[in-house]
């Protein structure tokens, strides 16, 4: 099932640079693992913000919670979740 | 270029039923035409609301404006638009 | 899977009384059917408002959308949906 | 009487890890004690957030205040409380 | 138990004057009955608005819901409810 | 004249405990002095929050400002003030 | 005592023109009477809106309520009231 | 030309007392200089808050920006600006 | 002097078509006159909304008020105004 | 294509002065480079705030993201982006 997830990252500007670099590298690795596993189906940068809009494709709200809370940047993000489903007017087969 | 568009439909509950049926049929036809033309790339229903989350793939903000304002339900919708771009951590080829 | 659903009813005060009575009776019947089928697990009145807090137990966001949009008062309600899952500190077996 | 309580936890990301571990363990212990005593009737994790939705079953607003302010994470939480009561359309005996 | 209730009245300006006069007279009668019965303990006008702040003293959220929803102006009001309890620093005997 | 005052206390969770204890004791003393002098007429705890709803009875906005800004917790509070007056439907003599 | 009052007028655009003209003339007359009596001390138009910012100088919240609710446009306005008092850094004698 | 300016001061409660005293003295001096020069025409304390409502009388938005950003407390304030002009119903000569 | 003005048009969807056509034609004529006179310096459509962002170049807030309130769509618009001035980092001569 | 960008700067008041001076100088240099390259077409200070309203003229949302995230003050800003396009009533050739 699909969830639209908005994530806004609020890294404290005075975080030690090496710590920020490490966090972002870890975040990237975890994000790519979740994408390869098929759970993170789309990932877009919001133009002009340190924020993204994502589409998760998971088997349950539990799996969504597990995926999102495993992100290294989770403690630094404002997150909004919306459950979505197939729209009756969609003609795209993958708009499940 | 991609835009994430949130649409919330506010049809007046006392609209004449035949008028509402006609409007929705026209909306569906236009939505499917825009999907076939490749400009409306994803269309999902927000679970529990008369609302959708969409991804538009257009050549310019003008084309986005043209597409959205051509929708029969346009006068009845609250619409929010966010320009997005490729996320550096995305591994999906079509997350342009 | 469980969803917490907040519903606020906005019936126009000048609706014809017989129409309002009929709508509410139909709403009640549908609400009780969904409860008997196990899809509407809890239903509480918010004290002092024409509003409720509900817990839906459905198999998918599609089923949630189907249940909520079938309610006769659906066109008159502001609705907010939150997907929830088991909390690691819960000791209640039915807090799935 | 029942209260729907929304809790959002805002632990500072730079809290010493051992302090956070201790706080969460204490929170868990208190949450489970309140559940065993019957005052915390439901506890769900909001999918994708460090937040929960809870149902408290207490004898008075005083008892609610006492329960919530006894939580070790109380100083770190945004809390919203709604008093609820039996809904005339509910068929569940325990939806008091 | 005590509840602080904020009520904002939104009468449509084009309501027939005799209807508005009747509604307000009925509201006044019901408000005074609830005050005489001890359930509506304080009632103040917010200066400069068609709004009031009230203190209800009831036996349960059910009784609060019953009192408020019995008001003739109930369909025209935005209502906010907060459960309160004795403050540890209060010296007033009746600040239960 | 009467003012309804909402106060939400935001003590930093990492304040030195002895400092917090001292501040709260001073706050209590000042709150009780203002109550004894008749300027702080009601004081209720909002159930589930570190917040109160209060009724001040003062001779002028100046006196309200003087009372509130003298509170030791003043620098830590979000405060909202509403001037109220006698409601035409009130039957309570002390709802001035 | 002084109150800063923000008023935003929301006249329905489809009001009969003669009715609107009459209402505005009556409003003007009442506004000028209150100014002549000294109760409405300042009145400014917010540039670009059908709104004003005003300073009322009254003897009590009751008198403020009486003045504002006597305005013919009162049923059509969103109104916000703030009690103010002399600022310790003011050098203007009339900034009471 | 006139601007209504709302200022809310957010001094960190843990600022060194001598620093706060100095800042406030400097603020007072600058505020009084701007008042003497005629640019800060009214200055009122909002009762119950560390906030003021002010009327600036300047020759241009540039001069407003220059005046406000010269205030020692500028980095600690939330500021809202509204351009105002003469109201057609005003009878006060100085409500330019 | 320059003002950034956001305008959101809320035409009732059930307005008689000929009335809407007339209003929009009148609006266009007035908007173009104000542009030719140099008072409406920029006018952009917000993509996906019946809204615009504009830059007005006027001699005073009075002139801004006069220009905006002369628009035929004025009664149907939500309008937000911000006074701006030259930015110290601007290199554009016409960013007065 | 054009984007209206609102930027609000939130520099921590206790930042070391030399660090703030350096950041602002770097910001200025980058802002002027982007203006010279034609990507930052307008830049205005919001009167009375540490904020600006800007018009960016870029080839894609990617280029907007690249420009904004390259700003030294980017980690300290709240940023809002709106895609705009030519308005049918504009008579200015450069209101693309």
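Just so it is clear, A, B, C, D, E, F, G, H, I and J label the chains in written order, and each chain counts residues from 1 on its own.
In this text, a residue touches a chain if its C-beta (ideal position, glycine included) is under 8 Å from a C-beta of that chain, and two chains touch if they have at least 3 such contacts.
These figures come from a predicted structure and were not determined experimentally.
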Recurring contact interface, reference G-H, options D-E, A-B or D-F [over half identical by residue number]: A-B
Copies chain B and chain J touch via same or different residues, half shared test: same
Higher-contact pair (C-beta pairs counted), A-B versus F-H: A-B
Cα-superposition angle relating the copies chain D and chain B, to nearest 5°: 180
Separation of mean Cα positions, chain I and chain C [Å, integer]: 43
Length of the line joining the C-alpha centres of chain B and chain I, rounded to whole Å: 27
Length of the line joining the C-alpha centres of chain A and chain G, rounded to whole Å: 49
Residues within chain F bordering two or more other chains: 2-3, 45-48, 61-62, 64-65, 81-86
Chains grouped in pairs wherever the two touch, ordered by label: A-B, A-C, A-D, A-J, B-C, B-I, B-J, C-D, C-E, D-E, D-F, E-F, E-G, F-G, F-H, G-H, G-I, H-I, H-J, I-J
Complex contacts: residues of chain I adjacent to chain B: 11, 13-14, 45-50
Contact set on chain F toward chain H in their complex: 3, 5, 12, 61-62, 64-65, 68-69, 74-76, 79, 81
For the chain C and chain A complex, residues of the former touching the latter: 1-3, 60-62, 64-65, 81-86
List of chain I residues in touch with chain J within their complex: 2, 4, 27-28, 31-32, 35-36, 41-48, 52-53, 55, 82-92, 95
